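To start, I am sharing the structure in question, which I have written as structure tokens.
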Amino acid sequence: MILGEYSTPEAIASMHHTLGLDLPIGDQYLRFVRNLVTHGDTGASIISGTSARELIADRAPVTLLLIVMASFLAILLSLLLAMLAATNKDKLLDHLIRIFPTITLGMPVFWVGLLLILLFGVRLRWFPVGGVGEGWTGMLHSLILPAITVAFTQIPTLVRSLRAQMLEVLESDFLVTLKAAGIPSRVILLRHVLRNSALPTLMLLGVNISYLIGGTLVVEQVFGIKGIGSLLFSSISKRDFPVIQGIALYCAIAVVIISLLVEMASWWLDPRTKGKQ
Amino acid sequence: SGSNTGSSPNSAASPSQSADGGKPATGGTFTYGRPAAVNSFDLHNQITSNNAFAIDKVFEPLVAFDNKGEIVDWLSKSHNISKDGLTYTFVLRDGLKFSNGTEVTAQDAVFSIERHLKVGGPLAIAAQVVSVKAQDAKTLVITLKEPYTPFISELSNFSNGIIPNNFGGVSEEEFLKKPIGTGPFVVEKWDPAGDVTFTKNTNYWQEGKPYIDKLVYKLIEDDSQAINQLKAGEVDAIESLALQNANELKAGTATAVLTNGSWVTEQLFFNTLDQHFSDVHVRRALALAIDRNGLTQALTFGFAKPANSLLPPAIPYNTNDTIKALNYDVNEAKAELAKSKFPSGFSTKLLIASGNSARAQEAQIIQNAAKSIGINIEIETVELATFRERFFKYDFAAMLNSGQADSPEANSILAFQTDPNGFSKSYWTHYTNEEVTKLLYEGQKTPDGESRGEIYAKLQQILADEVPYIPLYFPDILVGARSSVNGLVVLPNGSLRFEDVQLKK
Amino acid sequence: MKSTLLDLPLQPDDQRKSTFQTILSTPSLVAGGIMLVLLIGLAVLAPVISPYQPSEQNLYAFLKPPSAEHWLGTDQLGRDVFSRLIYAARSDLKIMVLAEIIPFCTGVFLGMLAGYYGKWVDSVISLVTDTFIAFPFYLIVIIVAFASGAGQRGIYITFILVGWIVFARVTRGLSASFRKQEWIASAQTLGLSGVRIILRHLLPNVLPQAVVVLMTDMVGLLVAIVTLGYLGIGIAPPTPDWGTMIADGQSFITTAWWLSAVPGFAVVYTGIALSLTGDGLADLWRRK
Amino acid sequence: MSASPILEVEELSLAAGSKTLVSGVGFSLDRGESLGLVGESGSGKSLTLRAILGLLPRGVEQVGGTIKSEVRAAMIFQDPRKSLDPLCPVVRQVEEVVYYRQQVSRKAARTIALELLEMLGLPDSLKQTDRYPSQLSGGQCQRIVIAIALACKPGILLCDEPTTALDVTVQQQILATITRLQQELDFAMVFVTHNLAIAATLCSKLCVMKQGSIVEHGDALSLLQHPQHPYTQMLIDSVLPLPELEGSASV
Amino acid sequence: MSTALRIEDLTVHYDHFTALDKVSLEIQQHTTLGLVGESGSGKSTLARVIAGLISPVQGQVLLGSQNLGKKRSREQHKKIQMIFQNPDSSFNPKHTIRQILAEALLFHQIVDRSHVDRRCKELLASVRMDESALGRYPHEFSGGQRQRIAIARALSVEPSILIADEPTSALDVSVQLSILELFNKLKSELNLTMLFISHDLGVIHAISDNVAVMRQGRLVEVNTKEQFFTRPSTAYSRELLSAVPKMPTSQLSGGFL
């Protein structure tokens, strides 16, 4: 008789032994720490026996690509929308753009994903409904919808802050100086306003990065992408703790690295911090 | 007793293939969406479908069942069971080769069965085997200590597939990473937490088959995602299609639903060690309180039959139409409960695994039904691993689960669900009834025929009266596929045969 | 000597708009408030309003389209969708509010401590927040929800664990900037104790901003609750929940789309109501 | 007296929504002339300047009156740091204005910018390393702002309290620079200040503003000697006297 | 005449920047010391150290004979009160004037709870404000009025030393005059000892008895008012004095106190 289920207790039991999970808890912990420090690993998967680090490394590229694409899209779209809103303050366009975050803030990411899949995947067939395509182009193509979905969750906060930031810059004294000096408004907008408001937005993105990663995990599930997110869900349902720990650890490391990068970027971009040295 | 000559395994082929009669379309990659990854090819140690349905593509048993559930010769050209039911003789097909090109000999079969006997495993060989011998290069003889009628059908199980003697000369571990068998497909690429890619076995004994070049098992955990991918044509078929989605796919022009009855019984299990459910009156009361017809109708959309007895209608010796079951009657249910130790009701918990929406709905129907007679049920949803841990430890009061036969044999289900001494302890209900146990062993020794039927009818009636589990319905095994797919064979255990699949160019 | 008594006249009283009037002149607050009141009204009065019991089944009348009898039709178990919708509002909103209370209080308090005292207090609290923030919220929610079994407990635990961070961050920033302001310095020179300055001076000033953040955070929490429900690790049945309703209805998206669409819109509606209220409050307090 | 004034403001009224902020302000200015605008805080001095510049803040509108001007105007603000783009090196900011206003090549623009900076007495080190506003002192920033204003070749220079944020010694230098430049370049100037002493030293004409309108105007010296309006009197009274410093000649 | 406040060798660093460099100073009882100096010279820092808002890395502050340590007691805090430059930010925007004035009275139990209201009114009267102000919020007042309220608040704890850090530089000139008048009146009525900081030499002249000049964290000159304004002893002071813009005609003068 076959159990209509997906994993065997016997396999787990034998795996437990090879992994030393039957050792006393103190020894297990020592083993864990030693692995962590020497190999950057949280141990071997109790299901497949492969090391958690390898499993994660296998899945990481897709997730990373997705995160990069999503951040890129989020920044690009937010800049665009915020610029349109700020330069058309209190006009119809501005109101529309301002309503947008209010509406989308309460949209669960899976719901957005489902709607996009139904519309662009199943109905219009513009993008694959899920999975990851072959090769670079296939991969990029199949990640567009998920990236939009993740970006969608970031755009409301970004647009909001960027718009406020731009308005502040637009009202600032130095802009009056530049305007009074007769510099074309296109140049002002692109060279001065954008630059001055991009920095805080980048910082905000740095703060939100862990939300972005979290959103990515859920979105992967909705789009059936075999990245870190689906690894997490399957590991959880199999109680594969080394892998879960590994994912948590590497996510945290990723967040820290990205925050550091953002900080460095802001040091590099902002002369005010340089001036204080 | 009787012998079986090598009937053609092709009897299972789909009508469309024979219809055009011309040369079959060959080549192409068939992508099959599945909800769980293949994490082991160790046929003797596996029990779950995610692995079973990959193992049976690589390893094949001596005998197999076809899509009607009939036992047919498979790797054996013919087989013979002695009159006393103690000696089994198999003659292997001519020119049978493993995928690496080496000949299959009787010694390989001996090694395979002996390893299974040694390992035991979750699907251990229950017959008392005295010896397994290779009479000559092509003839295998198995001798039993006492008759065991289900033996032949149990041999058709994926766990009795034939592997090369001594693992073909490599270590066990290495072999299981790169398995070699006689099956139509060969593992090319395998991610234990992801996809499996098979290529066609060019040495396959069924001439010219399989028609497709590649078979990909694509992991799609989310069922709505699976359906969407099928609709968008990103996969050619999807496994374990949920019943509630079937009509939608059936209605679509690009998609179709394939089914072939089933060997599955959806059931509500009671822990008979539980303080409440050890009382037979409580169990009977609950059985009377559940409207199985309504439940089936609401949950299965015409893809299931309400269950009266334990054995599915596709299994021989089932008594679904003749049995006297406890049918829906709230008043009688209340009266039954009044006879119990808890006449005014009680509170208890119902354990279910997360991730199965039909079962979650089912649980709510049962919760509602129980409430109508004064039993308060709290639904406890835990993830699958915990779920299994819990019921293996009898740490539940009641749970929803299903029983599925893996061969067309009444014993397959009955032994698993009634034997208090077996691995599963009456499917972890711990139900113990001496009479039932006696009937079970008797049935195993009785050769097929009317008397075996009588034994099983009696057994099933006892189960229906004492309800250690309430059979709810027999769901069809459903597979969603693109309409363009031809020759896909759905077996009643839920596995597919891809040998005859042809992809439209 | 010239009279220096009151060199400028005070504004006459009638120019000081009543609070009520200022609220009325903030359209987003009015809109958000009305939406919220409606929602809360429906949720609180669910037992009175709902035509059916939310768990009342009719296995022979399932998946019925909207009709006079069932305003939003019935679900797979023949339950009245409208009744379930407003009962779900009741349970989801209740959890949302309850799960926010403790994190809000601890977050605001710790944030004030860090911002006001600075130095090592700040370093310790910032270290903790930075550590927590490194772990994606959904990662923690999902792990905790799985570990503690499906149900509301996971949400409460996770939120008590990580929910305070956003408030701590906001109030820390605010308190640090207020601390540089001279009214804090005056309070210090007056010899007031730290506790008194934090509770009587800082708190009323950081509270408005914190409440605004609370509004958006509640939206986030609601979305998380619904997402967990959707993933099947949220609120346990038979308690109705929007996420479970969406998940249950998803199979019927082509045949009975309203089953998942309606609870989805309920979530979005709540999101809009809360963020409008938040925006409105921010607006109101900015203008003051 | 020259033929016609280069700036003529008549009955200027500004309002934000229904609230009138400036009403009926009018004055005229000849080439090379300076007008001092003094008055209490919030009386509309800055708004008047912005109106002349043609860049009213968002939400404020001109509701009446005319501003006639032949020449272009440039403006200097109170806080020099805030009037420079913090993320753009200062010389580039000057250069950019030269490039767009004087229609010369990038290279020429840089040369002209550096010349301007030299004329304003900024250190040569700026030529080597272009620095950001945050790396300069307030006085240096104000000079950059003046350079930007001059790069526009203005006919009128509008100064909105250009020295309030600066120290007395720096203030003295900046004022000296402005006076010198005005003599060299002969632009007209509207100088807003609340320091009566500065206004009187710098400007030949004075307007006193209170609550959005001019309460008194006229020749600087005579206005200070014979104030008509009590508010003017009060302003004069508020100037705090200092005793004469021994051994120094008064300016 | 005795010394009300003495500071010795005060040094303060912000990170690596030395804001105060070994500053020593004395203020006599019932006199006003005017502190001038360019922006960033450390005037406010000095004031904050004296008020106990910043603790110095070195040096000490002596109130009379009492050494004020790193952590001051409530009593010691009360003794030295400070008025800040920016009247907009020196009040808790969420408190009414009544709460602002009563805060310290209640906390230190300076007067009986039932007398708090009366005391608040007295305080307002002493800074010449109407008692109708009590129920209002700071933002309803003009800058000059707020500065008066700030003075009233400082006086509520009956300090022996009052520090005023540029209390008039954010105000209109006309309002500035009335605040200076108020300071002069309180000084004589209450026998206050004051440290008055300003960069406006006119203001310093109008209010102080002695003048101290700071530059880059150091005290460069301490002198009597008469001496400083007519015969400053350092070149820097002379430079400061000569940079003050003067009215064009010398006979124009007014606004004597």
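For clarity, chains are labelled A, B, C, D and E in written order, and residue numbers in each chain start from 1.
Following the convention adopted for this analysis, contacts are C-beta pairs under 8 Å (C-beta built on N, C-alpha and C of every residue); 3 or more make two chains touch, one makes a residue touch a chain.
Molecules present, by chain and UniProt name: A, C = ABC transporter permease; D, E = ABC transporter ATP-binding protein.
Note that this is a predicted model, so its numbers are computed, not measured.
Using the mean of the Cα atoms as each chain's centre, the chain most removed from subunit A is E.
Every chain gets a centre from its CA atoms, and the centre nearest the mean of all protein CA atoms is that of A. The chain pair sharing the most C-beta contacts is A-B.
Between the Cα centres of subunit B and subunit D there is a gap of 91 Å. The geometric centre of subunit A is 53 Å away from that of subunit E, both derived from CA atoms. Rounded to a whole number, the gap between the C-alpha centres of subunit A and subunit B is 41 angstrom.
For subunit B, residues touching at least two other chains, in rising order: 224, 354-355, 383, 386. Taken residue by residue, subunit D touches two or more other chains at no position, since every residue touches fewer. Looking at which chains touch one another, you get A-B, A-C, A-D, B-C, C-E, D-E.
Chain contact summary for the complex, subunit C toward subunit E: residues 1-2, 4-8, 10-11, 16, 181-183, 185-193, 196, 200-201, 204-205, 288. Residues 101-103, 105-111, 114, 118, 207, 210-211, 213-215, 217-218, 221, 232-233, 236-237, 244, 247-248, 251-253, 255-256, 259 of subunit A are the ones that touch subunit C when the two sit in their complex.
Those residues of subunit B that touch subunit C in the shared complex are 224, 242, 244-245, 247-248, 291, 294-295, 297-299, 354-355, 357, 360-361, 363-365, 367-368, 378-383, 386.
Residue ranges of subunit A in contact with subunit B, taken from their complex: 1-11, 45, 47-48, 50, 55, 58, 114, 117-118, 121-122, 125, 128-131, 221-224, 226, 230-231, 233-234, 236-239. Residues of subunit C that touch subunit B in their complex: 55, 57, 59-60, 62, 76-78, 146, 149-151, 232-233, 236-238, 247-248, 250-255.
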